[in-house]
Structure formats: C-alpha cells, structure tokens
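Letters are used for the chains, namely A, B, C, D and E, taken in the order the chains are written, and counting of residues starts over at 1 for each.
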Amino acid sequence: MKKALFVAMAMTLGSSLAAPFVYPASWTTNKPSEVQTGGTLRTVNLQDFKTLNPFVSSESPNLPDSLTAGSFLTQDPVTDEFIPYMAEKYTQSADKRTFTFTIRKGMKWSDGKPITADDWITSYTIHSDKNVGSNIYDYMSINNQPIKVTKVDADTVRVVFPKADVTALEWVSGILYPEPTHVFMPVYKSKGADGIKNMWTISTDPKDIVTSGSFMLDRYQRGERAILKKNPYFGEWNKDSAGKPLPYLDGVQINIVADANAQLTQFLAGNIDVYSPGDRDKLAQVKAAMDAKKINGVLIPNASARASSDFVVFNLDDSATYKTKLFSNPKFRQAFSMIVNRDAMVDLTLGGLGAPTYTGVYPVYKDWVASGVDKYKFNPAGAIKLLNELGFTKKGPDGVLVDKNGNKLEFTLITNAENTRRQGFAKIIQDEAKKIGMKVNTSFIAFNQMTTMLDAKDNFGRRNFDAILIGLTGGGKVFPVSGPSVIECSGLGEGGNLHMFNQSNKCRFPFETQTINLYWKGRAEFNLAARKAIANQMQKIEAEQQPYVQLAAQTVHFAWTARTQGELPRAAVNSLNASTLYGPRILDLTWIKR
Amino acid sequence: MLSEVSVLPYIFRRILQFIPTFLLATLLAFFIVQLAPGDFLSQLKENPSVRPETVERLRKEFGLDQPIIVQYFYWLKNFVMGNLGQSFQYKRPVNEVLPGPFMNSLILVIIGTVLHFAVSIPVGVYSAVRPYSTADKTFTFLSYIFLGIPSFFFALLVIWGMLKLQQNFGWDMPLGNKTSSKLPTDISWWRSAWDVFIHALAPTIILVLRGISSESRFIRGQLLEVLGQDYVRTARAKGVAENQVVYKHALRTALIPTIAGLGGLLPALIGGAGFIEVVFNWPGLTPLQLTALGNQDIYILQAVTAVATLLYLVGNLLSDVLLSVIDPRIRYH
Amino acid sequence: MTPQGEVLLAVNGLKTYFNTDDGVVKSVDGVTFHINKGETLAVVGESGSGKSVTSLSIMRLIPMPPGQIVDGEILFTGKDGVQKNIVKLSEAEMRKIRGNDISMIFQEPMTSLNPVYTVGDQIAEAVMLHQGKNKKEAMGVAADMLRFVGIPAPEKRVNEYPHQMSGGMRQRVMIAMALSCNPALLIADEPTTALDVTIQAQILDLMRKLQRDIGMSILFITHNLGVVAEMADRVVVMYGGRVVEEGDVVEIFKAPRHPYTMGLLNSIPRPGEHVHVPGQPKGRLEAIPGNVPNPLNLPRGCAFEPRCKFAVEACREAVPPLFDTGNGHMARCIRWQEFEQVQQEVTA
Amino acid sequence: MTTTVPTPVRKPRSQSQWSIVWSQFKRNPLARVGLGLLGLLYLMAILAGFLAPYGLTEYSTTDRISWAPPTPIHWRDAQGHFGPYVNGIRRDIDMETFRDKYVEDTSVTCPVKFFQTHPGMEGRTYRFLGFIPTSLKLFSVDAPCKLYLWGSDSYGRDQFSRVMYGSQISLSIGIIASVLTVILGLIMGGIAGYFRGLTDTLIMRMVEVLSAIPELFLLITLRALFPLNADPILVFYIVIGILAVIGWGGLARIVRGQILSSREQDYVQAATALGASDTRIIAKHLLPNTATYIIIFLSLAIPGFILSESGLSFIGIGIVEPYASWGSLLKVAQDGGFESLDARPWTLIPGVFIVLAVLAWQFVGDGLRDAFDPRRRR
Amino acid sequence: MTTIATVAPGAGQRVVPATGETLLDVQNLEKFFPIRGGLLSRVVGNVKAVNDVSFSIGRGEVVGLVGESGSGKTTAGRAILRLIEPTGGQVLFNGTDITKLSKGQMRDYRREMQIIFQDPFASLNPRMTVADIIGEAMQIHNLNPGKQRIDRIAELLEKVGLRPEHMRRYPHEFSGGQRQRIGIARALAVNPSFIVADEPVSALDVSIQAQVVNLLQDLQEELGLTVLFIAHDLAVVEYICDRIIVMYLGRVMEIAPSRELNNNPKHPYTEALLSAAPVPDPTVKRQRIILEGDIPSPINPPSGCVFRTRCRYAIDDCAKIVPELREVAPGHFKACIRDDIL
C-alpha cells in the first residue's frame, strides 16, 4: 500500500517536472478509449537467446533490443519522419554534421535511477572499444572516420559526423542506445573490456538487468522462454495520446521454438498471439484454421514485399582462367539474367506469393525501385543470341554448348543447404539453363562454408567458386541502395567485405568506381528526389552490368489472435515496420482484449 | 568380500583403458571440425558493417590463429582442470552453456531408458512365454512397423495428431517444448516436474519406440533360449511354479546381453534424441550441437563430443559393473 | 507281468510323440515297465532310443508343444500313499510331486545348475517350496544336505556359485537338491556320463550309499553297461522308442534274449579281458553293424531288424510283441527261443 | 543341452547348407512375404524408366503446375467408348485459401496410351535394364494432358515417376552402404582376430573411438570437406561411405570374435594339421564361417541404411536435386509440415515405400536368421 | 625285442625307450598357458597343461595316452603335432626336432603326421562336401592331381567303410559314426605314418564305438601306422594299444605295456583308475579304490608329486620330491618315489 502510494506520488512528481513522450494516435488502429490494460502477449522466437548483454549481442532478433526504449530520436512508422524521443529537442548545425540533443527529463531506468547524458557516453565508449568486440563497433565510424559523441552537460549530448550524411538520423535513432552507466561503468573501469564481456549473461539474475524500455526481464528459462514484465518507471515518461501511461501490457512471453514448423504449431494451437507465416504452406494452414474457426484472429496476407534479396553472383576475379574471363564479360551475365525465369520462381518456388526483382533495392522500397531495369528479363532466345556472340555456337554430344576452343559452357552454382527457397531458385536456373545448352551444376553446402568461399583463395591465389546464390538483408529507409560494404571495390582489407564478385581490392571495371562514387554522392544528397535519381542511376548501371543477378522476392504475411490489439494502421503494415518478435505493431501500444 | 576385491581392479583397469579412447576421440573430433572450411567468424561476413580487421582481431582473441594441435592441447589442459572453453556464440564459458541442454537431454534419456526397459521386458517376456500367440504376433507386427517409420516423420505425424486433438476437442496437448507456456510462474516443484514429464512423454515414446521394438524381440529370443536351458528344466523338476521359473530362473540370465548393451544405450539415446529434439522443440543437446555446427562453435562441439564419449565410456563401465552384479561368473573371473 | 514287491511306479503303454516339420517323431511308442519300492531300475539305450523322453514324461517335463503324451498312463504312489495317474494330473498337482515325491538329476552337472544363484539358494528353494520352511531353515537344510552328499565345509559351500565348483561337486549338489525332500523316486538321467571315471566311481558309490540309507527307488538311465551292472536290480533295454528287453540284471547280462542286448554286450571292451599282448594278433570287438535308427523313419517291423544278423522275413512285417521268457524276463524278439543255443555257443 | 527334444536326423537328401537354409526360409510365411515384396520393389527399381511415364525432372516452366492432385482416370467417354483416358487440367492459385485449385477441363481428353516411345523427349529416355537406350513407357498420355498417378510436387513433376526413379537410389543405398560396411568390418575384424596382439588392440581401440564420437557430428563435419563441383550423387555416395566408415565397428567386433573362436574349431585344427597355409585357412575355413552372420547382418543392416538415408535427407545432407530418393521425397512432405498432411496427402507416398522396404528387409533378415540358426529351425 | 636306452638319472634328458625302431621321441615336452591378471594384464601365473612329458613311440606301435579331464593328454597330443605351439621340450620325428622347424618346413612333415578328432561334428567343416574335405589335403600337398584325385577319394571312402557316392554329400547328412569315418579318411589322405587319435570313439554311441575301434585297428595293421591313441577310457585303450602312458595333471605317471599295466599297475593313480572303471558284469562285485576329492587345479598344482593329495599311499616326502619317471621293470616306468607299494 505504502509502495503503491509512493509510486503514484513519484509519477505525479515526475510528470509535473517533465513532459512525457506522447505516442501519436496515428501509430495504432485503436482508439485510446478502447484500450484495456494488463495481460500478457505471447510470441515466439526461432532460437534460444544467447545473451542479455547489449555490448556483445550479435544475434537478430535479440533481447537487449526488446528491452531498450530507443535513443534520442525515433522514426515515425507511418510518415518515416524522425521525431525526438529520448531527446526533448535537437539542433543540427549548418554543415549538417553536428547534432546536439537535449535529453528528455524524468526518464528512468527500470531500477529507478535517472537516465542521463552519461548513459549515452557510456554506451559510445564501450561500443567503441575494440576489445569489447561489439557488433556495432564498425558503425562507430563512417568510411574509417569516427563519429564523435560527447557530453556537453548533464542534459546535453553532441554527436559529430565526419561529413554531412543523409543517414545520420538513422544512426542516431537506431544505433546508439543509452546504457546504464551506474551498472557498466564501474565494471569497465575496474576490469576493462573483459569485465564488460562477462556481464549480463543468460544466467544473470534478472534483478540485475537494468533496462530503459517498457519491459524488464522477469525470468529466463533457457531453451524455453523469456518472460518480460512491465517496467514501472517507463509509464512515467511514456504516455498514449490520451495520457495513459504505457505499456498497456503486464508482460510479454517470448517462447523459444526450434523451427518454423514448431512455430506454426504453436500458433495453430493457440499458444502464441503473433505470427508471420513464412511461406505459402504456413499461410494456407493459418487461413484454413481461421476459416474453420479453430483460431479467432486476423490475417494480413501479402502485406508487402520482404526487405531482403536473393541473387546470383559470379566470380569476376582478375585471374586468367577461362571461366573468370567468361564471367567477367557482361554479355555472359546478361545472357544469364535472360535465362533466369523469375516468373516461374515466383509461381513454383514462392507459390505465387512474391515478385521478380531486377535491382539490389528491395522491392519493399516501392518508391525507390527504378523502372525499366528489366531489360534482361527471361528471354531464352536473347540469351542464346548473346552466347552465340560469345562464341558458343554449337552443342557438344552431351547437349552442352562449346566454344571454338572446346570450352564447355558449364559451371557450378552454390547455395546454402539450409535454405529450401534458394535451392528451389537454383533448380529452376539449372533446368532453364539446360534447355539452351548451359550446364549448371548445383551444390548445397553449409552457410558458413559458403561465406568462407567468397574470399577463400586456392594455391593459385584464385577464389574457388564459379557462382554463388546468396542474399542480403537489412538497411534503412533513407537511402535504401546497396551499401559501401557491398559496392566498395578498393580500400578495404582482406576478406570481410561483401563486394562479392571482386575481392581483389582493386576496381576492375569502370562501373564499380562509377557505382561507389554515385553512392557517396547520394549519401550527401539531402534532397529526396535528387537522391532517388542517384539511386535510379545506380540501379541502371546494375541492371546493365548484372554484377548481381537478382532473382525474386517473397512477400510477407502477418497473423495475430483476436485478443491481440494495437497494430499499426494498415498503410504502415509492411516488412520494414514489423518486428520479428511482435509483428506489425509497437510493443508499447499493444494490448490484450478480454 | 571376494567380489569387491576382484571387481575394483577390473574397474580401474577399464578406466585406464578409457583414457586413450577418450583422447583419440576428442582429438579426432577437434581435427575434423577444424578441417572444415571456415570458422565461427565466417558468419560475420553476412553482416555488411563488420570490417576485416575486426574479424582478424576476434580470430586472434579466440585463439583460432594457432595451429590445431596447439589449440587441442590447450583445450585438453583446460578440460582436465574442468574448463571446457568459451562458447563463441554465447560468449560464455561452455561450462555454463552445456549443463542446461545436457540435463534436458538427460530427462529424455532417463525417462526413455526407464520406458525402454519397462515396456520391452514385459512385452519380451510375454511373447516368450506365449510364443506364436495372437498377442505375440501383434507385438511382432507392431515392432516391425515402428522399426520402419523414420522417427522424424513419425514425430511430425504425432504432433499433427495432437494438434488436431487440441483443435477439435479442446484438450490441452503438450505440443512440443519442455514446459507449458500457460502455467503461472509460481507453481510447486512437483507441478512443474509433472509439466516437464508430460511434455517429455511424446518425444520419449517416439525416441524409444524403435529401441523397444528391437529390444523386446531380442529379449523374447533370449528368454526362449534360456527357457530351454538345462537349469530351467532343473528348476521345473524341483516343482517351481512356472512364473517363478520364468522370472526367477530364466529372466535374470536372459537379460545379461540386454544389460551388456546398456553401455551403448545412453549415447545411442542421446544421439537418437537428436531428430526428435529438433522436431519436438526440446531444448536438448542436439539443437545445441546443430547450431554449434552451423556456427562452428568448436568448444561447444568439443564439449558435446567429450560428454558423448564420456557417456559412452561411463555407460560401458556401468554395464560392466551391472553385469558383474547380475552374473557371478563375471565377478569371480 | 508279475511285479515283485510293492510297485511304486507303473508306466503302461506310454506314448510320447513330437511334432516336427518333417513329421511325427514317436520318441516313446508304447512303453510299459514298473519300478518297485527300494529298487533300482536301469533303462539302457543309445541316443534316440527314447529313454530320456520316458523319464521326462514321468516328470511331465516334456516341452509342449512340440511334444505330447499321446497315450498311456503313469501310475505313481506318492508319499501320501495314494496312487495317481501322472498323465492326468493338473499342473499344480504335478508341481507338488516334482522335487518332492519324484526328483530328478541330469547328465550335465555343468549346465543343470543356475549360474546366477548360489547352490545353497537352489537347494533351499526346493525345501521352502515343499516343506514350508523359511529361508533360514531351508539354508540350514541345504547345508545339511551338502554334508550328507559328502561335500566338505558345507557351511561355506552353500554360499558358492556353481561355476566355483568342479563337475563332480556340482553333481553332488544336484543329488543333494534332489534328495532334499526325501523323494520316493529318484530319476537319474545319465548322471555320470559327463564325469571322469574316478569321479564317476565316487558318485555311483554315493548313490548306492544314499539309496541304502533312504530306501528310495532309483530310475537309472544310462548307456553304460558297466554302470548298469554295478547299479541296477533290474534292467529295461530300449531301442527305437520301445522296450526291447526287460529283466533281472543278472539275467540280462548272462542270458540276453534280444539280439540288440546281445550285440551291446559283445561290442564293449571289458576292462582287463581283452588286453592286447604285443606280438600276438589283436582280438576284435564284435560290432553291431549299421547306424542308430532315424526316429522319423523307423522300419515297419522290428526297429532293430536292419542291423540284426538274426533277422528273418517275419521281422520286417510287424512289430514283435514283448515275449515273456520267464522269471520276469521279457524280450521283443520273435526268435528269442533260439537264442538259448546261440548263447551257449558264444560262451562255449 | 542334452537330448530333451529328439533332433531328427533328416532323410538323406544331398543338400548343401545353403539349400537347407533355403528350405527353412521358405517355411517362414513372413520371410516369403518379405522376399516377394523385395522382389517387386527391386523389379520396380530396375524397370523405373519403363514404369515412370515422365522423366525424373520433367516439368514445365511455362505451363506451370504445382501440387497437382492425382489425376482422375476415366473409363467411359461421352461417346461411350471404353478405355482409360484423362481430361486436361486447369490450375488456379486460390488467393482465398492459398492452395492450388485444379479443375478438369472436360473439353480436352487424352487417352492413356500403352507402350509408346517418346522420341525427341530427352528427359524421357532411359537405359532399359541399364544398357538399351529407349524411351518406351508402360503408359503415358500426350500433351496437353498430364497423368499424375500419385499427384505432383511443387514444380509439377510427376510423383509417381519420381518415386520410381527414387527407388533406384533408396534401394541401392542400403546395399552399397552395408556391403561397404561388411567389407570394412570383415577386413578389420579379420585382421584383428587373426593377427591378435597389438594389431588387435589398435583396431579395437579404433572401434571404440568411432562409436564414442557422435555420428551426427561426424557426418555433418565430414560432409563439409568434399569438393563442391562433385556430382551430387557422387557426394551422396561418399556420405554413405562415411556412414560405412562409422558403422563397421560392431561387425568387426563380431567377425573378430568369430575368427578367434573358429580358430579353435577342430576342423580348422584339422586343416592346420594337413599343412594348410594361413591364407587358405582364412579363405576356406574362417571367412566362410562368418558368412552366415554376414548375410544376416546385411539383411538387417540394409533397412537400417534405408532409414539412415531418409535421416540424412532430413538434416539436409542427403541426396539433392536433380536426383531424388524416397528420403528426399519424404523430406518434401516433412518440409510442407501440416500442409502436406492436410492438403496434399499424396506427398506421403514415398514414406509408405520406405516403410514397405524396411519391413520387407526385416522380414527377410529375420527369416534368414531363423533359417541359419539350427536352434530356431522349426 | 626291447631295446633299453640309457637313463641318465637326474639329468634333464630322459629317454623313455620305444619298442623297435623309434619313430617319435618326445622329450621334456612342456605347454604352459599364461594367465593374465592384475591392473596391467601382466602374466601372473601359468596353467601347466603339459609339464615335462617324455616318451617315445616305435614305428608301427600303438601307444595309448590315458588320463582324466585336465590331465593334459589332448594338449600333449596337439603339441606333438604343433597344432598348439609347445613352450618347451623337443619332439623328434624320425630324428628331426620338429619344434625347431619353420612353418614352411613343418608343412612337409604334416604329410607324415595326422590327427583324428574326438567330436565328429566339430571336426568337419559343415560347408564342404566330403570330397572337398578329404581332397583338401591332396590339394595342399599337390597329390593325385586331376581324375586320380576322385579315384583316390573313392578308394579312401571305401577303405573306411563308406561308399564312393557319399563324396558329394555334406557332413550333416551323416551319422556320428560315419562322420568319424570321414575324419579318418581325411587323415589317411596324405598317407601319414603317424596318427594322433584324440579320443576318436568317446563321442559315439556304444554300438558304434566298436565299429570305429575295429576300423582303426584294421587300418593300423594294413597300413602299418604308428598311432598315439588318446582316451580317458582304459578299457578301450588296453584293447588296442601295445603300450599305455598314464597322465595326471600334466605329468606322466606311468608307462607300461598294456597287459603289464593292467595286471600289475605300479603307480597308485593307475591302480585307482583301473579300479574305478565299472565292469559290465553284475556278478563281479569288486572292492573299489575310490579316490577322494577332485583333480586339483592345474594353475596351482600340488607341490612334489601332483597326485599326492588324492593318494592313499602318500607320505611326507611326496610333498617335497617331484618324482622322476623311472624304470621299475623292463619297459615299465613310473613316477612315484615309493617302491614299497603295489
């Protein structure tokens, strides 16, 4: 009784001193008046969480992200605008490099301690320490020039970028989260990086885990589930549009399941509330169960395309082997693109739920995908014509095209064994290629092994593959083209970069230099239309040169039980705004209907 | 006691013999896993923003730049001192990561072992006492069928069946996982133990069905043979009742080969639990091993191999000791 | 048939058949004999003659299936003085007889004891079963019995396992077990065949002594004529599942009336009788030609006919009846009367 | 055992051990059923090309069909003519249920033709009995119709044809793997048992090491060591080879034991006394003596390997496209999860074949074991 | 006829003479089987199966080797043929020490020395036809090539009382007696001069034993074979042997001509053995000498005379002195220190 009174007093006190962040009414379909508080949201994750430590976490999704409130800014899921969140306000310098954030007052950690500027500095300091091995260490600099984060005073933090950058606000909102100084700093000071690495493991007592977000850890049952409970201090500075403290939920249960089939089972059994059917089979199961009234819920099929790509990349090494020379010829890659039957891929592999792709910009960025990039779409006759030009005019006795030197048109296409979708794509490529006399062998290996192949060199200094079918994921909304790690052709050390077709650290082809130059131009271009024009240019080059032969993209589907409320407005329901764990909704605004 | 005098050196000698086996097995495992292209850090490549020097730094930090044999001896030294090394994925000592999954697998294996014997012995005995009866023929037929269905697919069928029961009758089925997500957090230990048991039941049954099928038929054959032995005839000639003849005189010797096979049962169940743990979403050793394999988390793999090898050796030792208890001929020789 | 003395067990027309895939094996095909109280009856025969099956039929220990007692009766007067037909008894009634009224010892002492229990346990089991004694008393009886059969340090030996004992010791244990409930009849199925000759002498000696002391009857099954001569009061000779000759032991050895018995007696070397002297031509044993008959494929007439040097056409036609040749001596041979002369010729 | 049950001396028939075993085997009804079933299955594998109306990977990327159900076969057409025919099919993806819908197009009818050749259709040619190239098919229908006896997979490939072709791999896998295991087990066990001493100790230690390391781990890691451009079928057979390398221990142990005990047999002593060489003794007396066990081992190991094959497919290191085995076909059903069971039960047919093959081999194996074991003879 | 070699008293070399020309001379034959135990499987003891056994056999002689189970008679028989490698001593065959021969050299001697086994079921490879079994020896030694081989096999079969058409059958089609005949034919296939007959009739039915004994006797006479006849049954041995060797716990107790041994045993063990055998005559009621107790374990045999623990004549010295085998009458040897008995 006493405690409750104290909490209530603290709340009024807090609210009188500082303005809470008010969640715009547009972020949910529900009216604040309908909302019921309490209840538990049950969701599912496909693997065991490995750590609670924000500095060493490298998985996705992970628990630290679920437990953090965010950072200075947040991106409005409906308008895509950046709005102050943990900052009350911010200023931007004229050269667009320096940002100064004034911290919102009254924010508290889950142990009741105030959130201060030091907490950002702590986070920045530790993430920037090489020895900690943070997953975002490399984000702390742009093109090898560090981003600087400094404390101006107790309520003010300054962030300085090396140069003007359109993605700066994305960085501010999505990368640097505050971490509790009072927990980490003493350890960091006494034991250094090693001390930090040993903190906040899965077996750490939940009481010792301090969070800024709407929830805190209640219990972690390894291999079974994570149970989160409401952070009592979060509601002091987070209110809904009607002024009600957030979150509405009492708790969240994240069940851990081994595979996608088990995930479906849990949803069909009514054991979890949110679910994204991964393919058509699962979609059909959910639909059938809903139609048969086995589950009472909502299904949004084909909500949007996925924020990921699948493509074939050839080995374009500057080695004088017959194959790399052939692959290095754009005509060959164009011919190859013309035997990729993307419609068949969508129809047969994706069950009709997807779309062909021709550029590295994920189709979910509808506004960014350039038009007229499908010049080398499926066209076997065109492919034959180009191959004839390359000297492949006659077929050998085994039906495989040979050139005048007797070289067979044959290569091995590798993809990872775990991914049936990619194997399906490879199969269609193989079968279509066979029809025109191109022999494609397929090989399905472990993902790790496949990524190793990208830079593993043999005794002759050559990379040891012909072609790999792989994909990329991730990226922001501001400039959603392939990033520098994918397109940078020089200035990178050995291995580790994603410039998959050429890892010689030299720009072999003019289009490589052209592309990277365009990219940096776009990063500095603050005008959206101009930036889109640059993206179009980049895609045109890509479509012509076919360094990555894009295949097809799946669509995403969302399902949830009828008791689960508070999803984003339909217009904002897409793969970019949906969380893997909670679906197309903001967890803080989610509530359970009883 | 005479028996203890002769059994102890025997056990000690067995343990001495285990050492080279253990060393060879772990060394072999270490080499094989390192032979595979790539290492734990290869996956970082998927991440567009991890730089090569980061990878190199981590490689050094994990000791992956050392020659394999050096790494092995380093591992061995730590192992002897009770340190299983560091998991790359969990960024925690393997000592902390391993026990949970190990215990979970052990739950399946222990319930499985109990079930294995609790079913196969009575079935085997019944079939041997009434050979070619309808029940015997039914058991035989069922065991043939269970031996024929791939266990992972059988698991899928069972889960599907349970789901249909839950959907159509509203029965709360233990659909995968180790515990129910619906239980409140503050329940008595026996209630949660019961919950775990209920969840373990379906995977365990599928796990041991094949074993039961072959074991029960094996016991049947053994018992039939022992029932034809001279000393069983002696017992009957004494006027011993038939069920006493079966259970007291025949069964004990008939079970000797079964017990001799116990040593292989533990690792076989742990190994066999693999697919079923995956399909039933049971947080055991195999899911741990599979993700470790995918990520080349070598010290986890090494630890799992070491544990499996130890289990194999301990199992063998256990069956040796049990055999000497059940069969005095071994004890005195 | 005129049984002398009080009949303990009478087997009348016993037929025990086995069904095999190859046909019905008539292991015991109409066997009739009896044992008097306190008497030792030897049943002699080679493998396949049906002697062991006869003894197991008396114990009702024939594995069924494939075996079956098809016909005949086994009349037995137990310790309670009531005559019962063993063939008709229920399994529970039979269990009361086994080990209590009738005990049995077997040929292979190495395999006839349960390897996983101590010999004390195994003897005590019978005692507890039939005499209602508790474990402790029964173990006392077991030790007494071991002493009784001449095993040194019986208190220690009760706790030993069979594999710790020699063959002779195990056979003594078997005897101790068999005698632990004072049976009226002991069936000894080739009890010394697997033993060395010096141990055989010990065991035979022991059995004779025990019979004197206890006064039980013994059904002694053997193929060793030397053992028969030493142990038996009367002899039953079996061949091809039937009794071919029966009579007093002296009669059988002095004046056999069946060619098979005669052949057997002639074919064994007698200790000290045929000793070879170097330089002199070696004597010859008189062998029975041919092989032991196949029980599946017995001749229609006399089973011994194919090997018999006295066989005539009539032998082939029907199974000869058992002729009473006087003095309780019987022979299943149509030419038995002629053998008086032959016998005399041979001995002359 | 003493003579409790008389062992009848068999009528003198001049038979070898083998003919006795065979006559014993024939008495066992389950063994007969098993053998008959195996005969049918292996005949099916041998005639796969002839029985399968379509090629192994035959499908259309233009006229796309996915998860077609078994095609209904009609017997009497509108004109009253009798004879099997099928109708054309039309496919829609039902965006309500997200399942493929197929409707018969009664305007198109195609008679089922028997013993037709398909010249020019590359996918359909095969080598009859392994050497005569032909495209003769037991039955087929002409385009535009499709005859899916057991439905299709997601690419519109005929499941019946794939099961037929898959049988070639599934049924040969067991034999190849167990023969490899037997060869290894015989050699290693033979060496250990015959030479004894240090060799014996080393080999037996190796057996222990191999059985101690988790199998799954060995399979997955060793699989990663193969060259990538190797033919998938070759890689798969190497995987099977690994299985054999892992699995020879048990057999070696038994062969060793048998050799150790047969060495002491009188007839081996007799051969030694006759002056027979080691090689002769091993080849003529010791190894044939293990034949009984080997045959039983083979017939019981083969079903084990057939199951292992499906397990390998389940963890993704089994046979891959373009080849098919029952295991990889069942994996398709497994991947489909509940949808396979609810919406396309015909994808479970390969599982039925696995069960049948395993069952048949078990029957035969048990029958052989009983037939070889004089104590189990009836 | 009896030649007496010098007996060197106390010397390691003892030659026990044979009748006529010596074919086989066994000197101090030893076969120890190691017993392993302890933590490291070290040899902790020996089973002294054959311990210092010496005797010789003349050409054409039939010598019986008698003893109970554990006496080492079978081991001795096999060690002589090097089917078991002896651990000590010499075996002189026609003056050559065959224990020193290499495997290849030994092969030639195997044509001269053959063995017949006790168990007619275990001694024939069930997978070979009779022709293969008998022909194997000819194949190994390249005898009677081609068509001759079949004729020779047929001849051998007839010689052992079987019919030539039996050669195409398998062992399991024969009865025990017939199998034993096949075993004999196999041994004769190489025309040996010396045969070890290891309990050839013990496993046979009574009525069959006489057939096989007669056959062996006929063959021995016809072919002039030298035979070492191993048995546990004195009656059979007496019947066909010229001389008899009695073994107990790995050592020779007594050697004497058959009649001499039977009528006038000099060793207490032989006396007991003779007395223990039951006589198939119910009218003869003999006073038995019943040996007490069991045969001791060969792992830990009694000190001094191995028989002393069961000997009714044993004196204190018996525990101290290992009795030498010495000649007590012409051709009659015994290993007993007491001359005042028997």
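In this section, a contact is a pair of C-beta atoms (placed from the backbone, for glycine too) under 8 Å apart; a residue touches a chain by one contact, two chains touch by 3 or more.
Worth saying up front: this structure is predicted, and the values here are computed from it rather than measured.
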item	value
Neighbouring chains common to subunit B and subunit E, by label	C, D
Chain nearest the overall Cα centroid	B
Rounded Å distance between subunit C and subunit E, as computed from the means of their C-alpha atoms	32
Whole-Å separation of chain centres (CA-atom averages), subunit A against subunit C	92
Whole-Å gap between the CA centroids of subunit A and subunit B	39
Separation of mean Cα positions, subunit D and subunit C [Å, integer]	56
Touching two or more other chains - residue numbers and ranges from subunit D	1-2, 4, 9-10, 220, 224, 337-338
Multi-chain contact residues (two or more partners), subunit B	36-37, 156, 163, 228-230, 233, 293
Contacts with two or more other chains, residues of subunit A listed in rising order	261, 265, 268, 418, 446, 449, 453
Interface residues, subunit D side, partner subunit E - complex	9-10, 12-17, 20, 265-267, 269-277, 280, 284-285, 288-289, 291
Subunit E to subunit D touching residues, read off their complex	78, 81, 83, 106-108, 110-111, 113-115, 117-119, 122-129, 136-137, 140-141, 168-170, 172-173, 175, 183, 186, 189-190
Subunit E partner contacts - residues on subunit C that touch it in the complex	46-47, 166-169, 196-202, 204-205, 223-230, 232, 249-250, 253-254, 263-265, 267-272, 274-279, 282-289, 291-292, 307
List of subunit A residues in touch with subunit D within their complex	260-261, 264-265, 268, 280-285, 287-288, 291, 301, 341, 344, 347-349, 351-353, 399, 412, 414, 417-418, 420, 423-424, 426-428, 430-432, 441-446, 449, 453, 464-466
For the subunit B and subunit A complex, residues of the former touching the latter	36-39, 42-58, 61, 89-92, 96, 100-101, 104, 156, 159, 163, 166-167, 173, 175-179, 181-182, 185, 277-283, 287, 291, 293-296
